[in-house]
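Quick heads-up: structures coming right below.
Shared between the two complexes below is chain A, which pairs with chain B and chain C, respectively.
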Partner chain A sequence: MPRSQLVMLASFFALALVFPLVAPYEALASEILIFALFAMSYDLVLGYGGMLSFGHAAFFGIGAYSTGIILIRVVPSVPVALLGAVCVSSLAAAFVGYASIRRHGIYFTMVTLAFAQMFYFIAFKWTSLTGGDDGLQGVPRPNIGPTDIHPEINLYYFILALVIVSMFIIVRVVHSPLGTALQALRENRNRAMSVGYNVDRFRLVAFVISGCFAGLAGGLYALLLNMVPLGSLHWTTSGEVVVMNIIGGMATLFGPVIGAVSIILLRDIISNYTDAWSLFMGLIFMMAVFGFRDGIVGFFRNKIIPRANKILGQAFPRKH
Partner chain B sequence: MTVQAAEIPVLETKAVTKHFGALTAVNGVSLSVSHGIQSIIGPNGAGKTTFFNLLAGFLVPDKGSIFYRGKEITGLAPYEISQMGVGRSFQITSIFPNLSVFENIRVACQSRSKSRYNFFMSCEKLPGVQIAARKILSQMGLEDWADSPAKNLPYGLQRCLDIGISLATDPQILLLDEPTSGMSVEDSAVILKLIAEIAKLMPVVLIEHNIDMVLTISDRIAVLYQGLLLAEGTPAEIQGNQEVQKAYLGGY
Partner chain C sequence: MNLQFVLMQLFNGLILGSLYVLLALGLSIIFGMLGIINFAHGAFFMLGAYAAYTITSYVIPNFWLALISVPVLMAIFGAFCEMLLFRRLYDLPPLYIMLLTFGLMLVLQDAVRLLFGSMGVPFGTPKSLTGMINLGFMYYPSYRIFLIAVTSLTAAAVWLFLTRTRLGCIIRAGTDNPRMLQALGINISKTMTLVVGMGTGLAGLAGVLAAPIQNVRPLMGMDLLVDCFVVVVIGGMGSLGGSVVGGLIVGQIIAIGVMVWPPMANTLIYLFMAAFLLIRPRGLFGREAFHE
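And now, the complex of A and B:
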């Protein structure tokens, strides 16, 4: 792993440790962490795999519902519920991925969206299992071993621990043989095929890994809210995670985290004044697409840092 | 070189045909390659690149079959044919533009690793891959560029990288589609020397427009014309062939 990324991760974790003390309220800090994980998992698909999935809410939502349903109906154990959520959402990702991965460009996007809408519709109609329009109410927060996660601050650190482990794994994935091959086939599909990569298989594995962590993020979301809103499966949730990636900076891993922090904070602030969040979301998206295409991280890396280096270099020339 | 009758060719086509709508781009071409440099020449649109795409699995022939070391590969996917040992480069430079030059080659070497689907280990720990990639990098004279993004390479070196990527897959036979196209005379000479070196290790199928070059470097030459294999033979035979003279060489 490059040193710059290690430094970034370390500073992120240092910030994350004290974050709930400075955040407006603790649950908001937890929500930011959850969406940071969701956005980072999506970076595997969009940034590294070059696949514009518009159905990632499906895996987030399925993770959330699975966690809720297991906790309410099967066994009141958080580890079991989260593990179940990860398995179910990975399976769903394998299913959706298998059906969509052979398509490319806009067709891939449409197929993922269609599947996500299907899951949304099922959750909407299957009221006895999911609570339908009202969402799945009454998701408990049973103790994890001796630890009581009812206090928001305890839940925050539990979430932080899982998010750190997940991010560590995702960073490993990016630098693994599979991750580097994935970037090669994003760069040039024909070339990747002609050197012997089974392109679709790599895309599928990346899609499933991504769905797995999106599901974990969803499971944590259910714990945080004590319920699962139907909106977790809504296409706007898919849209949000796309925007987080684009404004933060795709294929940087750290960018989507920044994107998630900015979007969730901004939504929290704006919602104090108006209900027109989607309008702002649209504006932010347009800014991101037209203004700085490489996202916040790319903006700093390509514009600010070189310029700062230049200014510093002129101010303090190196002695030869 | 003399070809023994009993030898199984490395790559062989039997009457392959490919239509694009009403156009027959490749028309019943039978060709076999065993060693040395087999060039394919022909005017623009003769079907040379299409023929390569058939060999490499990027296109599936409408008729006919293709064999690799006697094993039928017709209809196999490009990655399967590559894994068997057929390497190719592209007429229009085909590299991984935003990856570093080293990574371009490394990722191609990595495709031969059993651990290529591993998603938890560091790719730098793959046994042999780093070393193999460095070797190719220096063979192609690209060491100084190792860390630059491939898109920053000058054009001629991008063509070299394209060949390097193909070599990195440790092929048994190499298909090169106009490797010197758009290159200066000096750069072309470097590439040609390199191709001659490669051809000592594995058969090379070479598409090339420069006739002087083809006549000097090739062991055998095939002439395609409007999808048909017009002639096939040694450079001397091709030069002496009346039909080829009429259709293509025009006075050489």
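And now, the complex of A and C:
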């Protein structure tokens, strides 16, 4: 695991520790953390795996619904609920992945999207279990051991702990042999195959790992909102996480995190003035595609750092 | 469950299937030429319905005028989108055009919502097509029979255009190998404008036809679009026959689902797709590794 990634993780942790002091309100800070984890888990699939999945809302939403349903109906224990959410969403990712991974490129996108829509319809129609259109209401926040997570600030630090651990694991995965192989077959599928890699299996494993952390993010989201909105399963949520990745910078791990922070903050600010967030979101999408394809991280890497080096004289040496 | 009811449902499935066919045809030819899925296709469909509403309620209250003018207007709109937006991104991986169309979809839907409201607008059946037709074994609304007729004629016309005219021949060649086409001296960028315009026009036509039988609301195309993805996955991308057969199959699956267990009707098509992918990954008429 390269030192630069550890530095990034440590600085993210340090910033996140003090973030509630400057954030407009604590719940917003928690939401940002949750989407940062969601976006980073998605980077594994899009950035490193080169697979444009348009169905990741499914795993996020399934994680959220599982957490809510376990807390309401089975046992009021947060660790059990989150563990259950991770298991269920990993299973769902294994199912969707197994069926869709045999298709590549655009077909993969369509198939993942269609499966996500299937879960959306199930949640929409199975009203007795999921609350249908109104979403799953009344998700409790039981104490974790002696800790009361009802105060938003306590919940924030609980979420932060889980998010940091998950991010550490994701960074580890990317720099493991699995991650390297994944990038190799993103770059050249045929060559990776001829070297003897089982391409589809690697893609499936990455997909399931990604779905697992998306599910955890979803579970935390249910705790944060005290409910699960049906929209968490809709494919526009998948689109949002894609744009977080593009805006932040694909295949950089912390780029998507920056993307998530920017999008959620921007949504919060714009929603104060108008209800046409979707319009702005669409415009952000189009602008990102036309003028900002390398994302924020790429912008710094390609534009700012070379310029700074020119002025400061190789203050930031280029690594190869 | 009597026979009358079953036949009625199968006919309703045929109506839904007809809309799928029109949308999937447009999706499929755009996909064939550009190698992208057009996320804005559902929004184009919705825009067609709203254009019909605007024409019939504010300009001239004549459905027939809307039926003819909206597809043309939408085709022009699509051609402009291609020339102003899509064209700049052809050199990049297809991911970017798809994201662009996704953004375009959000913008169009929200713009329409701001203009007309999120509740939707009323759209009546055209006067000359109200009432029922006696089919011998049952009575069926004449507008719906008309819809099936128009769709069949359009699908036939598209098929004739693509297989019997020089321009259609160029388009099919471009679907096969755009670079080779360019090397042979064909102006490929004009062809692409034409294809996107044609696909958008078909989506607009589907929008006008759907307006009297569906709720005209800003998000009407969004979920229909995902169903169309199922259609093209089952039918096989880039195959016109696949779009037609796939559209009719998916329409019937929903109709049968509604008869058997209504809440599962929509879920059924995705399960069918999953099963289909395991048995025949390239779809009914799809070619191996086409645009993968």
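Structure notes:
As a convention for this text, the second predicted complex is superposed on the first by the 313 of 320 C-alpha atoms of A that agree within 3 Å, B and C clash if a C-alpha of one lies under 4 Å from a C-alpha of the other, contacts with A are read in each partner's own complex, and residues count from 1 in each chain.
Everything that follows uses one rule, which is that a residue touches a chain if its C-beta (ideal position, glycine included) is under 8 Å from a C-beta of that chain, and two chains touch if they have at least 3 such contacts.
Quick caveat: nothing in here was measured; it's all calculated off a predicted structure.
Of the two partner chains placed by the overlay, only chain B lies in contact with A:T180; chain C stays clear of it. Of the two partner chains placed by the overlay, only chain C lies in contact with A:A99; chain B stays clear of it. In the superposition on chain A, A:F285 makes contact with chain C only, while chain B stays out of contact range. In the superposition on chain A, contact of A:V242 is made with chain C only, not with chain B.
Residue contacts after overlaying the shared chain place A:L113 against chain C, while chain B stays out of touching range. Once the two complexes are laid over each other on the shared chain, residue contacts for A:S4 go to neither chain B nor chain C.
Shared-chain residue A:N143: touches no atom of chain B or chain C. Between chain B and chain C, C contacts the larger number of chain A residues.
Only residues 31, 35-37, 85, 88-89, 92, 94-100, 102-111, 113-114, 223, 226, 229-230, 232-233, 237, 263-264, 266-267, 270-271, 273-274, 277-278, 281, 291-292 of chain C touch chain A when the two sit together in their complex.
Chain B contributes residues 56, 58, 77-79, 82-83, 87-88, 90, 94-99, 103, 106-108, 110-113, 115-124, 126, 165-166, 168-169 to its touches with chain A in the complex. Every residue of chain A that touches chain C in the complex is listed here, in rising order: 52, 99-100, 102-107, 109-111, 113-115, 117-118, 121-122, 125-126, 235-236, 239, 242-243, 246, 276, 278-279, 281-286, 288-290, 293.
Contacts from chain A toward chain B in the complex involve residues 1, 169, 172-173, 175-181, 183-184, 187-188, 190-199, 201-202, 205, 209.
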